[in-house]
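The structures considered in this document are given below.
Common to both upcoming complexes is chain A, partnered first by chain B, then by chain C.
Let's look at the complex of A and B:
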């Protein structure tokens, strides 16, 4: 096991000074990650995916729980202790161009990790090696970020992330905003490197099609909680939590004749300041019954599968008020 | 009857190091009550197409040839006042980012009032129409929503308001430029359903621009495939998705992870890059990336048509 997250909680404070209220952005999240494994985290915006990634990387203070990476605790308050850990755990941020300094040349950007961690190497050679590893020619080293396309900037992000040969890469929406053909290239690159370097990866995405192809295991987050986790193939085959089923039914299929049965949600995502009682999905769940609004469900385990629901769905279950889209 | 008929449209930009041809010989039809989807990767000229229709090209852009027929007039010849009558009244737009489409310092009620200034109605009637429109896009508690400002709404709600504003004048043509890219999957579904309902209710046509193939397949009646400023293929959604003729369309469909039902470690890609539009090569524009490229491809292929399925490719030549 390379990473172990235990009951992790991240709380923000919001509101005017006389009425500060806590917002629990990540609530009691636990999961383990083995070396070489790819774990996907999916959920809608505001579900706490990015906050969770930052907390794992030690970029975000946590209010409860712990993150153990290679048997060492990631503790933000001791930044000196976190820095050597980051050598083995790198991050790919969401905005490919925004995460590169506009004042630095690509060559300097790719060499930066070596300088930060004081690793002496022939930097010029390393930069050339890394650029060719991500499929870019050597003369890219003299360009500035604004001269790159989205796909090229993403490749530079990958080069920076793998520069120090980490054990774990946390990729936050690595393909958001890319064209489908370029998206394929970036995903293939990541999967090649994963095989060659034995990387473990946390893959954050809201694109479920991509997650299906990339991840070994996945977790679905809703309002900062993991509502279902397990083997990717099994979850796609038979989602047990109504929220997972809803997300899966929302993917449009690129075939005009295969318009699928849609599970439509009645309302919008509730505010984190005002969490619903009981099961937090009950306000939108088409299957909800009385018990759901009062009692919070516990995680039920069956093998690798964990579901937080009072009445997990049977495979192929249809919602009580199915609606045909289109 | 076509609401919009674009014929042989060519648009170029004066750029550093020569002129850049952004659109070349583009022909598109938008029939009445029909949703036409435009797909293509970034840089294929989708935005230039919209800006040409609305005549909002930047100063260095010019329409070199071709015509844009909309409601019995040629928009390429229309003057400024004419275009101001058309924009927002007869042709309206929903943009990608709903925050950019709304004015942050005006309340929703004020903004919705302003866009009705040509309607000739009184203030009370205008407000009643705003309220009715918000109700139609299913904004909860529309009375109080009118008094609020854009920042008080979530992304999905803002996009609903933007759609309400675009549909308010009951335009003949709605141009939707990636309207759901900034939204989550569950919201995307709701917004698409809403747009389709409103479109059939008002009876307008829609030009739907997206790079999301799944959405296009679900929403559109007809599809136009663009690449590097040219239309490579167009036809009905079924023709394009079930029986693509152009190699580019075929490859593009393969690239969508959604079209692969079984799990695969290696996803298909289209190797190579979009050619430099400043130095357009002679012949087929997709030639440099096409796996079927032959000598004949150095000459420009003619457009071939059968049953409304148009394609520009030598492999289809008789």
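Let's look at the complex of A and C:
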């Protein structure tokens, strides 16, 4: 086991000083990750995916729980202790161009991990090697980030992330903002490197197609909680949580003959400042019954497949209420 | 070493390639050269009084004429330039260093520190320059050092505020998070990622402040708080000329034109340098 996240909680404070209210962005998240495994985290915008990624990397202070990486605690308040861990864990950020320092040349950006960790190597050679590894020619070393396309910038992000041959890469929306053909290229590059270097990956995305394609296991987040987690194939085959079923039913299907019932949700995502009681999905759940609005299901954890629901769905279940179903 | 020199030469070439930059560079170099070689260029003693030669029009003997005490204006302008440039460059450089350090601390540090520093900056800024000058001169006596301390006090809050604002905006940017996720120390984040991205506007402001400083020096010299009378300064020459501007305009011109040319020179140079050092504004070669 390379990474273990235990009851992780991230709380922000919002509002004027006389009325500070806590916003729980990530609530009681637990999961484990084995070496070489790819774990996907999916969920809609604002579900706490990125905050969770930052917390795992030690960029975000946590209010509860702990992150153990290679049996060491990732503790934001002790930056000296976190620094050696970061040699083995790297991160790719959402915005491909925005995550590259605008006044540094690509060569310096790719060499930065070696400089920070004081690894003596022939940096020029190393930069050329990494650039060719991510499929870019050596001339790119003299370019500035603003002279790169989104796909090229993403490749530089990949080069930076794999420079120190980490055990774990946290990829936050690695395909966001790229057009479909470039998305494919980046994904192939990532899975290629993953096989060659044997690295584990946390893959954050809201692109379910991509997740199905790359992840061994996955977790679905809703309002900062993991509502369902398990083997990717199993979840895609038979989603047990109504929210997962809703997400999966929203995937556009390229096959015109295959008509799939789409489950649509009527109401908006509840505010994090005003979390619903009981099961937090009950305000939108087509299958919700009385018990859901009072009793919290978030303790039902057993085995590899975890579902936080009072009444997990049977395979192929259709929503009961006609007016809620689309 | 070689690389640094070739880099400098390269940027110099690019400054000259811009018409504004070339004009600015010529003016600035001319002013600095005139100040450095003032003793060689000025044939007359800038402080020797000769009542018989007072209010003489520009001629071959006195290139810019003479003032109300018969002192050669050309010599006075050259020596005044020495003082003006020394005061301006030293005090701006000191203000920049202090302002950048304080701004980075305020912007990157905890919010209580930021708030108290901003309060202090605003408190200093709320004093009129002349009041500060008077207070300092009462404490230390009139001198060039007093002028420079006033300039530093007046400039640091503004400089620090600019860097602070930029730092605040940049510290939550993804490239800073990216550097932190690799393990970059706070010092490295500030030095390599935040400072180069925030100093541009400050350098422009500072280069445009040089003439302001020259004006502060002139103003204080006029009030007797800076350079004292026999020593020449552009400000005091300009002020000497004011009283007699109808009859003998060349005195005011001799004091005013160098101020204008220096202002233009540093402004042009500053703007060109900004264009060159911001790769986003760079045109593809």
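Convention: the second predicted complex is superposed on the first by the 310 of 326 C-alpha atoms of A that agree within 3 Å, B and C clash if a C-alpha of one lies under 4 Å from a C-alpha of the other, contacts with A are read in each partner's own complex, and residues count from 1 in each chain.
One rule holds for everything that comes next: a contact is a pair of C-beta atoms (placed from the backbone, for glycine too) under 8 Å apart; a residue touches a chain by one contact, two chains touch by 3 or more.
Just so it is clear, the model here is predicted, and its values are computed rather than measured.
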Clash-or-fit label for the pair chain B, chain C on chain A: fit
Greater chain A contact set [chain C / chain B]: B
Chain B versus chain C as contact partner of A:294, first or second or both or neither: neither
Spatial angle chain C-chain A-chain B, Cα centroids [nearest 10 degrees]: 80
Chain B versus chain C as contact partner of A:122, first or second or both or neither: neither
Which superposed partner A:252 touches (first chain B, second chain C, both, neither): first
First (chain B), second (chain C), both or neither touched by A:144: second
First (chain B), second (chain C), both or neither touched by A:206: first
Touching partner for A:57 - first (chain B), second (chain C), both, neither: second
Partner chain in contact with A:185 - chain B first, chain C second, else both or neither: first
Three-chain overlay, closest Cα atoms of chain B and chain C, distance in Å: 8
Chain A residues contacted in one complex by chain B, in the other by chain C: none
Residue ranges of chain A touching chain B (in the complex, touch as defined): 44-45, 149-150, 179-185, 187-188, 191, 206-210, 212-213, 232-233, 246-247, 250-257, 259, 262, 264-265, 267-269, 325-326
Contact set on chain C toward chain A in their complex: 173-175, 177-186, 188, 192-193, 196-197, 279-280
Partner chain A, residues of chain B touching it in the complex: 41-42, 140, 154-157, 184-190, 192-193, 196, 211-219, 237-238, 241-242, 251-253, 255-260, 263-270
Chain C-facing residues of chain A, complex: 54, 57, 59, 79, 82-84, 86-87, 90-91, 93-95, 98-104, 112-113, 116-117, 144, 146, 157, 160
